[in-house]
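Following this message is one structure expressed as structure tokens.
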Amino acid sequence: MSKPHLVGSKSSFTLAPELLVKMHDLMVRTRSLEERLIKMYKQNDGFFWIGGPGEEAFNIPLGLLLNKGQGPKFDYFHGHYRSMGVLLTLGAEPIDALRQMKNTATDPFSAGRNFCGHASIKKWNVAPISSPIEVQYSIAPGTALGNKRAGDGLTVVTGGDAGTAEGDFATCLVWSSRPGNELPILIVVTNNKWGISTASDTQHGDRVIADRGKAFGIKTMVINGNDPQESYLKIKEAMDYIRKEKKPILMEARVSRLYGHSSASGANFVTNEEDPLKTFEERLEAAGILSKEQMKKIWEQYNEQMLADAQKVRNEPQPAPESIWDHVYCGQKGKPGRYV
Amino acid sequence: MSKPHLVGSKSSFTLAPELLVKMHDLMVRTRSLEERLIKMYKQNDGFFWIGGPGEEAFNIPLGLLLNKGQGPKFDYFHGHYRSMGVLLTLGAEPIDALRQMKNTATDPFSAGRNFCGHASIKKWNVAPISSPIEVQYSIAPGTALGNKRAGDGLTVVTGGDAGTAEGDFATCLVWSSRPGNELPILIVVTNNKWGISTASDTQHGDRVIADRGKAFGIKTMVINGNDPQESYLKIKEAMDYIRKEKKPILMEARVSRLYGHSSASGANFVTNEEDPLKTFEERLEAAGILSKEQMKKIWEQYNEQMLADAQKVRNEPQPAPESIWDHVYCGQKGKPGRYV
Amino acid sequence: MATMIQAIRMALAYGEQHLGVTDVYGEDVGPPLGGVFTGSMGLKTAWNSPLDERGIIGFAIGLAMGGQKPVAEIQFVDYIYNTIDLLKIAGNTTWATAGDWCVPMVVMTPVGSGIRGSIYHSHSFDAMMTHIPGWKIVMPSTPLDAYGLMLAAIKDPNPVMFMKPKALLRVRPPAEDMLIPGEPADEKVLKDMIDAPLGDRSAWKPRWPKLEDYTVEIGKGRIRREGSQLTIVSYGRTLPLCLQAANELAGEGIDAEVIDLRSLWPYDWDMISASVRKTHKVLFVNEDTEVTNFGEHLLRRAIEEFFYELEAAPKLLAGAHLPGIGLADALEMASVPQLASITAAIRELAAEVP
Amino acid sequence: MATMIQAIRMALAYGEQHLGVTDVYGEDVGPPLGGVFTGSMGLKTAWNSPLDERGIIGFAIGLAMGGQKPVAEIQFVDYIYNTIDLLKIAGNTTWATAGDWCVPMVVMTPVGSGIRGSIYHSHSFDAMMTHIPGWKIVMPSTPLDAYGLMLAAIKDPNPVMFMKPKALLRVRPPAEDMLIPGEPADEKVLKDMIDAPLGDRSAWKPRWPKLEDYTVEIGKGRIRREGSQLTIVSYGRTLPLCLQAANELAGEGIDAEVIDLRSLWPYDWDMISASVRKTHKVLFVNEDTEVTNFGEHLLRRAIEEFFYELEAAPKLLAGAHLPGIGLADALEMASVPQLASITAAIRELAAEVP
């Protein structure tokens, strides 16, 4: 990929142009992947699509700010099915997401077992993404305690707004704020104001979800997750506080849901929500940081790459039936007897 | 029981003396019952004791203010294992509590099946008290919706402070405050600062539990549950609001735990917590409403009654083994086949 | 000629109109969606709940106690596992109170494999559910039975678990089934009356047919095929496969009786007994994982009562004892009974000689 | 001569000192109480958690993923039923990630009847737990086995469910058991070293004996009595009762073999097979409710493999299929197997002739 030329001019940005360009690149890459996944679904190259288009302006900064590595000295990330942007930013390869979409044997996240977007990357402390809403909030405090014991690492957990109605969200607040045993954890709610077909204002008396942290003495933040610069700065501020104080923060990020809930609701682009990538591109152009031309090229490159990758994946093998017996237990392969 | 003579003098009370005398009477009755239950346990007339000594100053006013009856036009009460004072105030007979303690066949609450204090009185909308902590908070909003549809009834749910760490407490807040579908429910936490052996300030970042309602727009109150007058006035205020507005209130009542957690921790009187009944008696005497003599007599009468009742219960039959098959299903008795 | 999901929807409409159903609710159950499988589209008492399964079950118990008649939905049974304590409470309240309270509530939830649902949209629940006393448990395999069992569930004064086999929700009824009393014979006419249009449906209202009462008694199975040589007992998704296998094997001279259990608890032991006493061979088929499986209970009971009459070891064909069902075709196929494995199991049983 | 609860405590102390256990936690697990059954008294990593079972299990998964080695307690198994989804996640994480993550955690929890625990302190969990793939599951019936199984559980890289039979926690070891390696022979000496005093214990510290490694391999049963005429397979509370019944019945000329399964998953099928192939009769005993019961799985497998070798119908003796165990003596006695019912079942099986 050729480096775009940086135009140093007046801008509405305070972040360095290099960083903005990098974020833009990663956002396009992520969106391009999601759109390829949707196409695969529509072309019958996968049974189900769910993903994060509309959350790039939050997910990419988050991925950039995570301290990547394995074990409790490094940050843990407990994401959900809209988190692929975070993972790509950490360094995951788009083709691996396509593999999971196509449930190939080569899918490194689940060997063809799990839905697309349900990744797992232990070497970078990316916890397995599983379908049940909100359980990650009961689990994440555990890795945060590991972090606290090992040094300056922290744990990030994310999930949607509707899911905060599950008790696990409260569990996360309780376990993260035990007096004298506060945990270094960034508790994120990506609020798109929907749970599938259900509008949040019909269900949530807690109109500002972040306010739920206050009773626990947890510092709270509400941010515009559609603005990558604001996201970057606020996540950084939050992480600095958490690493230093070893205390939780509850952050609500307002985001968009650009292709509806999932393929079950059609996976078509919606026009009545802000597209954070479009907004960002307008600002980048206005600030003279990237030209329309340059951005178009980036899009084209990624779109081509995704298409090529998808074609490659199409020819990869499906998992063998007998593979179902592998990995019931740690390190186990094959079926030793009547049962594993 | 002979009516005590009312001395009308200056007092720290604003409630009518008749009401204060009635509350005192019911508080003594409740305490006397609990102390008899503890004695029964210690004399091997029961396997386990748990109860509410220390919560009378809250429970009796609550019982007095409930609108008793069957069905959604009337108030529902979802209590827990420290709620016997509420039930006695509604009109339950102490001897029935002794029967449950002794797990006799005559135990009207569970026919010898459940622990003492685990009552159920459908004819007065008293929901079954069950052992699992906090589940009543997930259940109570349902009866509150029944209330809302039927008229001016409301639902009261109570439980301890430690139990609010369960997700069910959050569930109760969520379901009670859905915008446009708020429920007429009084959500009570009786905070004695303990969960068995665990001090609440070691576990609860939410130092004021009632604050958890605020994010949901739920009106909150923190009251001195050791003061029967304050309890009465505040519960009344809360109920008036709920009946009128059809909206929830979250009330935290600070109470004492006077005999430890249960018989498992010895069930011995603790001296380092306020005894609300003792405080009340001192105030009643100071106000000239009841004399020491009068109060002593009330105690004696109840203590005698409880003893006599306990002796009676001792001779009542234990449940028959084959009774286990009854009531698996609504209205069913006996074992029709290989299985019920 | 309703599909099963239409039949369920009509039963709920009948329930609202005639049986006092007050609330049909759960995640995305109300407008605009009307359920992820359209099971509650257009119902007048349907509403969307918070995303909180514990709340959904708890609320149903409360509604039942509060004089209401709820039908609560868990969107996928895969998400019911944080509510087992509440299901137990619904099931033990009458017993624990020595009959004081009854808990008349219905929980409905899609179960099983068949839609490439991967790890969390493929669960079966028959094993755990039959281990929870105090409930009645049903699972239809035809639209008519779905209608009749839903009405029975609504009328029952106890908690009833209504399991909807995902794979069969859009399948047409078998030829031998009569119409649901009141439904138009033409499926297009029906669709026009009760299915919401695509796109904006805010102004849409269903026109329910003049539905009639029709109850399938809980606890009664149904012989879907009579046979003399062996008995197959199944329910839900695997039932039509058993039937198909039995019909196909008839050509090989294997004459199998196929029982649709329909009610898992209480279950129709009289029907199973009579059949096994006739055939002396029995195969139990379901798709839950096979360890501590409800079919093992039925098999144990068969052993208890017919050990000396059996002419072959009774068999269970069930799902692989694995943590999940994988997404890829081959994985799902290898994990739960399919036509081929059912056919093989029947053949094997038929061939077994003592 | 430790009791089982002392043995567990010593195993946890050994685990802290030598096996990297970082957290022993749960409700009232830390000081001052050290567990409602004293199982974690004096442990240096023991701490009290919020009253939140979902939090306890979720946190354990997180700790395991975060490089820690947790032993989490659910105070009574009766309160585990709102965490089944999380137990399933602990059990499916390795499989769902195709081996990427392992989840090395131990959950310990008291199970079963025997203390007049009424409806919510008497639950058994073997049926539901064995229906959750991906776990290992153990339940000792002697102090030595408890010690050895706890060390095995801690060393295992998978989630392990350690069920503590409530009724046996304070029982002394059987005569044939050796001492736990390192423990003093005199129970008073041991008590003095590791049991906290009554009253104020804020200054108290345990003096742990110089404990040694001793592992009971998960998946291995133990023949507690050799016999030739029939096989009894049990575990937990009912095991000593089976043993007592077998010993008493020896006088009547009934020679029963008694297998303590010890591990429920994986279980020692080799041991069961060898025994049944010898005796041709088998009785499975446990106290969980009898419908969709783990003993039904074992019985089904026996039928699958030995149908034609059995000289009597294999039997299951288990708990009544009821919503709870009642408080009154007579109710508890009538609900779960006791010495009398076990004895009767053995007699009946011994007398059965084809």
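Should a chain be cited, it is by its letter among A, B, C and D, assigned in written order, with residues numbered from 1 in that chain.
To be clear about the criterion, contacts are C-beta pairs under 8 Å (C-beta built on N, C-alpha and C of every residue); 3 or more make two chains touch, one makes a residue touch a chain.
The structure displayed is predicted, hence computed values, not measured ones.
Simply put, of A-D and B-D, more C-beta pairs touch at A-D. Using the mean of the Cα atoms as each chain's centre, the chain most removed from subunit C is B. Each chain gets one centre point, the mean of its Cα atoms, and the points for subunit B and subunit C are 41 Å apart. Inter-chain spacing, taken between the CA centroids of subunit C and subunit D, is 34 Å.
Annotation for subunit D: residues touching 2 or more other chains are 50, 52, 54-55, 79, 82, 85-86, 94-96, 119, 133-134, 291, 321-324. Residues of subunit B in contact with at least two other chains: 110-111, 113-114, 130, 132, 165-168, 171, 174, 178, 202-204, 328, 339. By the touch criterion stated above, subunit D contacts subunit A in their complex at residues 22-23, 50, 52, 54-55, 57-68, 70, 85-86, 89, 93-104, 133-134, 157-158, 266, 269, 301. Those residues of subunit C lying in contact with subunit D across their complex are 54, 79, 81-86, 88, 91-92, 94-96, 119, 127-128, 130-131, 133-134, 265, 289, 291-294, 296-297, 299-300, 303-304, 307-308, 312-316, 321-324, 354.
Partner subunit D is touched in their complex by these residues of subunit B: 47-48, 103-104, 110-115, 130-134, 162-163, 165-167, 195-198, 202-204, 264, 318-325, 328, 339-340.
Chain contact summary for the complex, subunit A toward subunit D: residues 71-72, 76, 107-111, 113-114, 118, 120-122, 127-128, 130, 132, 135, 137-147, 149-150, 155, 167-168, 171, 174-175, 178, 326-331, 337-339.
The touching residues of subunit C, when paired with subunit A in their complex, are 27-28, 32-33, 36, 48-55, 78-79, 82, 116, 118-121, 291, 320-324, 326-331, 333-335.
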